[in-house]
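Pasting in a structure now, in structure tokens, and then I'll have a few things to ask.
Chain lettering (A, B, C, D and E) follows the sequence in which the chains are written, and residue indices restart at 1 in each chain.
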Amino acid sequence: MRNFFKLVLRDFKLVIKGSNETLAAIMFYVLAIIMFPLSSGTETDLLSKIAGGAIWMAALFSSLLSLDRMLRSDFEDGSLELMVLSKMSLESIILAKCLSHWLTNGLPLVVLSPILCIIIGLDFSYWWILLLTLLIGTPSLTLIGATPAALSCVIGKGGVITAMVMLPLMLPILILGAGAIEAEISGLGGIGHLYALSAILPISLLVAPFLAAKAVRLGWE
Amino acid sequence: MANKPLVEAKSIFFEKGGRRIFSSLTMVLNEHDIVIVKGKNGSGKTSFLKCLAGYYSIKKGDILWNGEKIFPVQEPEKIMLAWLGHHNAIKPSLTVRENLKFYADLWSTSQSDFYSSINYLSFSNYLEFPVSWLSAGEKRRLCLIRLMLNPAKVWFLDEPTTFLDVENKKIFEDVISKHVSNGGAVVCATHEELKVKNYKTLNLD
Amino acid sequence: MAGIFNFLASPSRFRRLSERLYPYTIFLMVLFLILGLWYGIYSSPPDYQQGETVRIMYVHVPAAWMAMMIYFSMTLMSIFSLVWRHPLADLLAKESAPIGAMFTLIALVTGSIWGKPTWGTWWVWDARLTSVLILFFIYLGHVALIKLFDDEEKGSKAAAILTIIGAINLPIIKFSVDWWNTLHQPASVMRLDGPSIHIDMMIPLIFMAFAFLFYYLSFLFINTQAELYKRRVKKIYLQNLMRKEK
Amino acid sequence: MRNFFKLVLRDFKLVIKGSNETLAAIMFYVLAIIMFPLSSGTETDLLSKIAGGAIWMAALFSSLLSLDRMLRSDFEDGSLELMVLSKMSLESIILAKCLSHWLTNGLPLVVLSPILCIIIGLDFSYWWILLLTLLIGTPSLTLIGATPAALSCVIGKGGVITAMVMLPLMLPILILGAGAIEAEISGLGGIGHLYALSAILPISLLVAPFLAAKAVRLGWE
Amino acid sequence: MANKPLVEAKSIFFEKGGRRIFSSLTMVLNEHDIVIVKGKNGSGKTSFLKCLAGYYSIKKGDILWNGEKIFPVQEPEKIMLAWLGHHNAIKPSLTVRENLKFYADLWSTSQSDFYSSINYLSFSNYLEFPVSWLSAGEKRRLCLIRLMLNPAKVWFLDEPTTFLDVENKKIFEDVISKHVSNGGAVVCATHEELKVKNYKTLNLD
């Protein structure tokens, strides 16, 4: 367990070091959210209708952009091969990487959500549900994306290819997350969606590190 | 129990992508042993090491670690193994210290071992350099230091002397001699002549 | 179950078995297809609301079932392949994917065609329809992923891993009609409290479902055999290359 | 000049080889477009209002995802170092890479545009302007993104960081492209936007290879 | 004109990140010359080659190519140079043939040279293999073939023999001997003893 947090810390350092990925993530979110009013015009009621969807799409895109690199450098330079020869299993290594990915990518979005609300004009009374969906949903995005990310290392290709494999798997999360907000706004209540989202998180937490580890091992073959 | 060899390969057979790489290969590795794996390019040295460690799975034969059929890669809690492959596995954007510290923490190396290994390869001046500044040979020396931090008894080295100059090659020979004299064991695939005592050769041609 | 799988684990045994079986499955497929079409087109009544368009159902519904069933079986095979390392399991999963994709496409297209007269639109972004569309993309992703590998065996293992993750989509498809208020019909055949559909419509539906099932099995057998032969040829080719070299 | 096309061909092959990036790009576009109705609800008139913006955002995101890798592998494995020692200058090498990037990434979107129109419910009478903006705009996206892509190789980091640097530079294209369609729909006429877009293309064609080459040289230092 | 050396370095000085790497270094490379650059790890061999080629820019001194002050990297149309560095610069997802063909096209190598180089390193069986299948030494051999495809007179090689087995090292020595006897010139940084005739040594220590 101590090793686990050391790895999280090292990944965190690696990510922050020189390059400040978290800051990048934050700026990316703000920019991505600004893009919606820029590209769809500025009618406020139209904006507030797509607000939840927009924030969730930003979350999804930032996952697509960053997950591809979550395992790649460790895979390609042999670090994973080496790390697995410690007392940590590959599964826990991957879980640690997912955690540090979420800390630098998902968490900023959660923290940022009130500001994003303002930018995109989502009524503040719905902020709680946005927050909740993000808090439950973004870890699932990371976890679900881990396996395609590992596979893309195995193929040695990335970018659009990874995105293509990842997107369909992540879309259900997007639908549930954005749907919850929309349902809440339309008065139907988004609790149902939230339940479904919360069901996905523990399942993916159990399954994802296992499958991603399988994928990495496949790459070693 | 004590008589069981650390690693034993019993007539193993390995194929990749439908091509036979080697067949009925046998090796016994005891404490104090150095096995040098020789062979032409493409004869399967890297593959052999990877099979022993468990990265690759063999088609026939048995590989026993301390008499048991487990692999370091699959059950790392049970068996410790030090690995140095073609890739350096160091992060260019971290400093030398950060790179080493991470692995030292992972393997719970003591503080004094940490600094003595660094001094052994006279690397203390480089500690705060980012690795991206180092030359190819200096990176490889860093890998040697990391190897010394590893508490594992068995070392698997795949062409460890690439990019090293004559002097560092000698240091490397000292390092492995010291390791085996302390009860360790080394399997090393290389094309060079290593000046170490009492090694066994495994020829894959 | 594991016993059957163990028996079939040897590729050559499976090849021999499937070579013997596939004429029968093709025969059954044709038989059920004729029966299903006959009942569906001539001897079942038109719907009192939808009129003749209801006959699309005899293609749409079994195709949708197959789309889900094939994915479900692919998931099972993938789990087998990962846990018990059956060499055949991921091959079967790999050969199932294109067939599953085809059935999904059929369900989508027939659903759209059916949607125009009944809902007044080809397509709505409702949960059922969307999740089936996602299923289609997951199938395509599966096929594409295998193509990305130099080594097809590795590719099908990779695809097996991915299949398991994609399985979250199945419950979403199945329960989307219950969880969300959608335009789409809630389940009326596959229900816990028994089917609530008229028997005259039930018969052709079942026949067509069997026809599709046997279609799947036939092509699964044929394609898997072809793939096994292909792998053998490749192996021999590589070994010859090696021999020439030495 | 012959060498130029050889390089384009090789890149094209590299991209297509085993990995079918173009197919991935196409699937990505369809999926990305689908995300809008998925996340923003199903009202068709709302959809058709954001249609132009949605298609343009998909273009932008696919550029973000793929540009990061346009130069990276050639930079990291030493291919660029080697290629520049032929009769081709670094600038023309980069131009060739941009061309093959556009062929596999921008062009599919242009070709796909009628289908995307249908999916997202953009009135077909506005298809021509969508097509025009994409045809003029997507090459600019590639060219403008080349320099940040090169810089991100030099830093040795990618993903969200590159995206964050690239996004602000690309936003003008997005605004003009989506704006042209919106203006045309609203009856104001999108020709003005089109002119602006067409002005950007030759400028970036002139400047981009030069700057990106500078960036690569910086990385060699 | 013909008397001008192919490459001439006149007391060059180079520093990186504020550290002096080497100073007042002089080298003359004529046709038929082999210069072997020696030195400890980190002594600046790679940097020296990169300075000559123009990847790095020197702080003091002059580098002349055919008597002119231009660099292959900056004006590749004027000067051809063959480069083999630490990186292989081959694409794992392409086949051996595709990798080689691309460079052969780039350098307009003739069809017959293409196949004779491949045969010289007995690589014809590998032609349709994706490079990702090759072993480390086989990849390096591929680099040697690519070197032979290059029409450039001057070859700069940075530790070309890494991962090569004894036999292939000999082939490599033949390749460079052949090249210089045909009027070429080679600068090669390496830690190994190369068995070639009439080479000059440049020691950076």
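One rule holds for everything that comes next: contacts are C-beta pairs under 8 Å (C-beta built on N, C-alpha and C of every residue); 3 or more make two chains touch, one makes a residue touch a chain.
Keep in mind it's a predicted model, so treat the numbers as computed, not measured.
> Determine, using the mean of C-alpha atoms as each chain's centre, which chain is farthest from chain D.
B
> Greatest Cα-centroid separation from chain C: which chain?
E
> What's the distance between the Cα centroids of chain B and chain E, rounded to whole Å?
30
> Compute the distance, rounded to whole Å, between the mean C-alpha positions of chain B and chain D.
45
> Distance-wise, how many Å sit between the C-alpha centres of chain D and chain E, to the nearest whole number?
The answer is 37 Å.
> Check each residue of chain A and list the ones that touch at least two other chains.
Residues 18-19, 155, 157, 161, 164, 167-168, 171, 175, 221 of chain A each touch two or more of the other chains.
> Quick check: what residues of chain B touch more than one other chain, meaning two or more?
17, 86, 93 - these are the residues of chain B that touch more than one other chain.
> I need the residues of chain C touching at least two other chains; which ones are they?
Touching at least two other chains: 130, 137, 141, 144, 148-150, 241.
> Which positions of chain C touch chain A when the two form their complex?
Spelled out, the residues of chain C in touch with chain A are 82, 127, 130-131, 134, 137-138, 141, 144-145, 148-149, 154, 157-158, 161-162, 164-166, 168-169, 172, 179-181.
> Contact residues on chain B for chain D in the complex?
Touching chain D: residues 92-93, 132 of chain B.
> Which residues of chain B touch chain A once you look at their complex with the stated criterion?
The contact residues of chain B facing chain A are 50, 53, 55-57, 72-73, 76-77, 80-83, 85-91, 93-94, 98, 102-103, 105-107, 152.
> Touching residues of chain E toward chain C in the complex: what are they?
Per the touch definition, chain E meets chain C at residues 93, 122, 125, 130, 132-133.
> Report the residues of chain A in contact with chain C in the complex, numbered from low to high.
On the chain A side, the touching residues are 144, 147-148, 151, 154-155, 157, 161, 164-165, 167-169, 171-172, 175, 179, 188, 192, 196, 200, 203-204, 207-208, 211, 214-215, 218, 221.
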